[in-house]
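A, B, C and D label the chains in the order they appear, each numbered from 1.
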């Protein structure tokens, strides 16, 4: 497992904060399952349950100035980034108060203020964007980086390889975080990649690359910090292969025929949330009472988000054509 | 331009009367002698007269210019004009 | 539920004669449909409704004279679309309906197919045998099976007449074999459907009141094009007159008791003119001005313009006179408008009332709206169209009201000047006499020139003589430079 | 198609300058690069090579490799990078060699550039300009010759421009860069060598309006881009035959300027739409449909379309010419609308 115990900044409070952040994602998504089943949330919804350590750990390495480009499985990235639960829930309800004003839904969460650039539902489609965000920073000399999440499926797309090459060629300040959950939808990694060591292949583009235990938030944070540091230092793109696993189906419901139940159970033993909680309990950093209070607090927070989403106004149909082109007087930042 | 067929006096008079009837449906030709100014008798205003010119020109194929309007003052004049013009036009045709 | 009321078809209209209903209870109407013919003191006008829905009770029988605003019928909202889809079909079997006239006149073509099995259904082969239409539109004809088969309500018959469709040749697809509006609309119409024409030509034909069936098409496959319609346009006026007796006869047979209508109309008009003119002379302190205008330039210009044009495209002097009158009105706005509530309100547009004498006697002043914006050719076309339809009694509602200044021209009657009576609430009336040749001194030389005497009768409450003089001076100046008109 | 029919070839005023479409485009780029540090040019061979069609020749020397940025042959990556840079406040001008290659970046153009503003509920405008060459006529065969701008004009969220004149080549870029949303500029390959006088007093083009390039009364020839010179030549021919053709240059293919098109047809009552795209599902089809929807009662003849034959553009010259709209075809179509048969002798090819 991890060797991060000796790191100086691993204060108990920080570990608790990581737990809270992961637990928020977990509980939020569990509520999403209920709401989806009740048809309050519609469309495609891809759950992050099991992968929380990646989003939460990587976010620790980012500053508010940095940019994040994500995928359609991005509730965790958005929450970790600080996008309010109310705005996300309202978006999934298709409400006017949603973080994309009801235009995006689960797959297209955006928050320009937090430099959260979505919410991209074309596999690998966000990678070139991330390169461009990084290019702009590079050209203007701004000391900030862009973090791009994508899955192992994206590794098969031309856009990944074009972008990896471009980013390495131009030494762009971009942190490439591959969430290798072993399945591209229903196709196992071994069935879609000739060489399954993705970090090794990324290294072939001439960028620093390594694999990380994506089920250990402390390991993730540690790796992300080191990689981000390298990126900030002007050493070009870094690639992290986060070895992780999703506990639930690809999309909201699928038959999961492509996976062995025993495999899922094995991975659940490495649940990143409960794993950290267990360690904190063992280290006497988290009492059962404190855990209960945390759960209560998160439940109340999510209740509020759901209630707010329920009562939020619908986008008026008269605004259907809004946001197709910019209003005439507006000019972009 | 439609083809012009030479008209006889009778044909010409008939065309004129018919045309006037289309403009003034209740025109009573028993009140109009050949040398009366039919525009006055039948109260054709300038628009009516223009319509008459259109009809005559359309139905006979004869070209009627503004300069010819004085020829269309009485039934007799108009008949003479149409016959003469139709002969001339037809005669010059190949 | 909305009321269809006696519309006001002119500022001086207090009451109207509901001459004919074109719809019956149960008919579906759409906003803008012509539903009745109203005879005002001046003309018979087809009037439209402003609601969509189902015609409910008719509150006023045809032939009744009622004040403006009187409810004439009830229109129940909302059913028009549904009825078009045939939803009313099952209820419409004739044997259940002692009064076929109360059935929807507009059933969907497939309505019969939806009727429940076992319900007696009249097939087209049965009741739709050729039969003469009911001889009168009296609201309670005895429904024989034969007439029920035709079953055409007044709106359908009106539509058929407009389109020239012979109802007796149609197979009704409505309940019980009734001829529906859709049947008529889909029937090959000698007037409309069979004519191959471009959309623009069709529009133009409508605007110019040209019957497309009589236009020779020169386009692809004999299609009638706009140029064909224009070439035909002048002739159409004459043909309209020719057709009038036929249409008139049919309408009379179908609509009103034949006996007293023309006289009644004439009497009513005489009464209306009498009342209006008396009121004018009673209320308006008239003053009169006149000037004689040298038309040499105008006549020369007209000759030049008309040379080479076919008769249908030629201008008459009246077009130029109207043009000058309209432009001068724009220059002298205090003559163009209305006297209301002890004050003058200038109008923002120049709507010329054109005094048109009718052959059977009487006078109408239909309106050319925004006359100052129409160049001479357009003005000429409007004039021809308007005069022709005025004399056929086919004015549209909007053409009977809104005049801001009236022009009368008695020149065709041979007189040299006319001092008119103002049409209240207007404040002036312009008169033109005949264009005559007179000795004329100009530049110290005497010659013979064509001249016209222009007069102005104006309301002394609104203006003084100086204003009137300015107006006539403007007309004079404008007519001396016809190429700028 | 020759350089002799350029709409800007009017007698030169004292201060007008002789230039070419290519130079006009280059001048526009130079002006933009000088005016705004956020502007940079990115694409395949835009730097050292000077641009596949020579548009950016010399810009590298003036602005350096950072702003005249040669990209690898990765259309998706560098177009996407342009979009990302735009999101981050830059004003990128991305050059794609030809419209056929743009298909490799179609994901980025459609799924990101055109969509982000909307998907984000208005948070993320994408002020990018993407230039590319379009069209046939140079014997480049079926993978370098197509006119797919009509596809892009299908996409809400994009503005699609087709400069057809020197003035538009010179003055469309600035307003395109000022647009907060993605703008695609399609440069017809046959226009680069067109030369003429560039009016000195021309300013930024109004991107919302089509231009009447030649007034007329009998028929409207509605076209854009590389077909404009052909339509103008056709109008000349028609004038000799007594038919007065109005030539409308769409300039902006999305959003279409319905008003200018409609006003023209309302005057002439006849329309010929000339579009180098394939007929089926073309811009010409869209314009025809709009005329039918909005101006049915103005039409005095069926709308005619002169489009490319439904074939991948062939290499052989005769075949290629036969596949494309040509002046004679436009003349014939216009004559059909006014009801006159084509004269027995036509212009060759």
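Just so it is clear, a residue touches a chain if its C-beta (ideal position, glycine included) is under 8 Å from a C-beta of that chain, and two chains touch if they have at least 3 such contacts.
For clarity, every value in this text was computed on a predicted model and none was experimentally measured.
Participant: Closest chain to the overall C-alpha centroid, by per-chain C-alpha centroid: which is it?
Facilitator: Central chain is D.
Participant: Most contacts: which chain pair?
Facilitator: Chains joined by the most C-beta contact pairs: A-D.
Participant: Quick one: which chain's Cα centre is the longest way from chain A's?
Facilitator: Computed centres place B farthest from chain A.
Participant: Measure off the straight-line distance from the CA centroid of chain A to the CA centroid of chain B, and report it in whole Å.
Facilitator: Each chain reduced to its C-alpha mean, chain A and chain B end up 94 Å apart.
Participant: Measuring centre to centre with CA averages, how many angstrom lie between chain C and chain D?
Facilitator: Centre separation, chain C to chain D: 50 Å.
Participant: Round to the nearest whole Å and give the separation of the Cα centres of chain A and chain D.
Facilitator: 42
Participant: Between chain B and chain C, what is the separation of their C-alpha centroids in Å?
Facilitator: The computed centroid separation for chain B versus chain C comes out at 30 Å.
Participant: By residue number and range, which residues of chain D touch two or more other chains?
Facilitator: none
Participant: Once you've mapped the touching chain pairs, tell me: line, ring, star, complete or other?
Facilitator: Shape = line; chains linked end to end, path left open.
Participant: Determine which chains touch and list them pairwise.
Facilitator: By the stated definition, chains touch in these pairs: A-D, B-C, C-D.
Participant: Inside the complex, what are the residues of chain D that reach chain A?
Facilitator: 40, 66-67, 71-72, 74, 76-90, 92, 107-108, 111-112, 116-127, 156-157, 159, 180-181
Participant: Touching residues of chain C toward chain B in the complex: what are they?
Facilitator: Listed in rising order, the residues are 234-235, 237-239, 241-242, 244-245, 302-303, 306-307, 310-312, 314, 316-318, 359, 383-384, 387-388, 411-414.
Participant: Chain D touches which residues of chain C in the complex?
Facilitator: Per the stated touch rule, the residues are 198-203, 218-220, 225-227.
Participant: Provide the residue numbers of chain B that touch chain C in the complex, in ascending order.
Facilitator: Within the complex, chain B touches chain C at residues 19, 21-26, 40, 43-47, 50-55, 57-58, 64-66.
Participant: Inside the complex, what are the residues of chain D that reach chain C?
Facilitator: Per the touch definition, chain D meets chain C at residues 269, 296-302, 336, 339.
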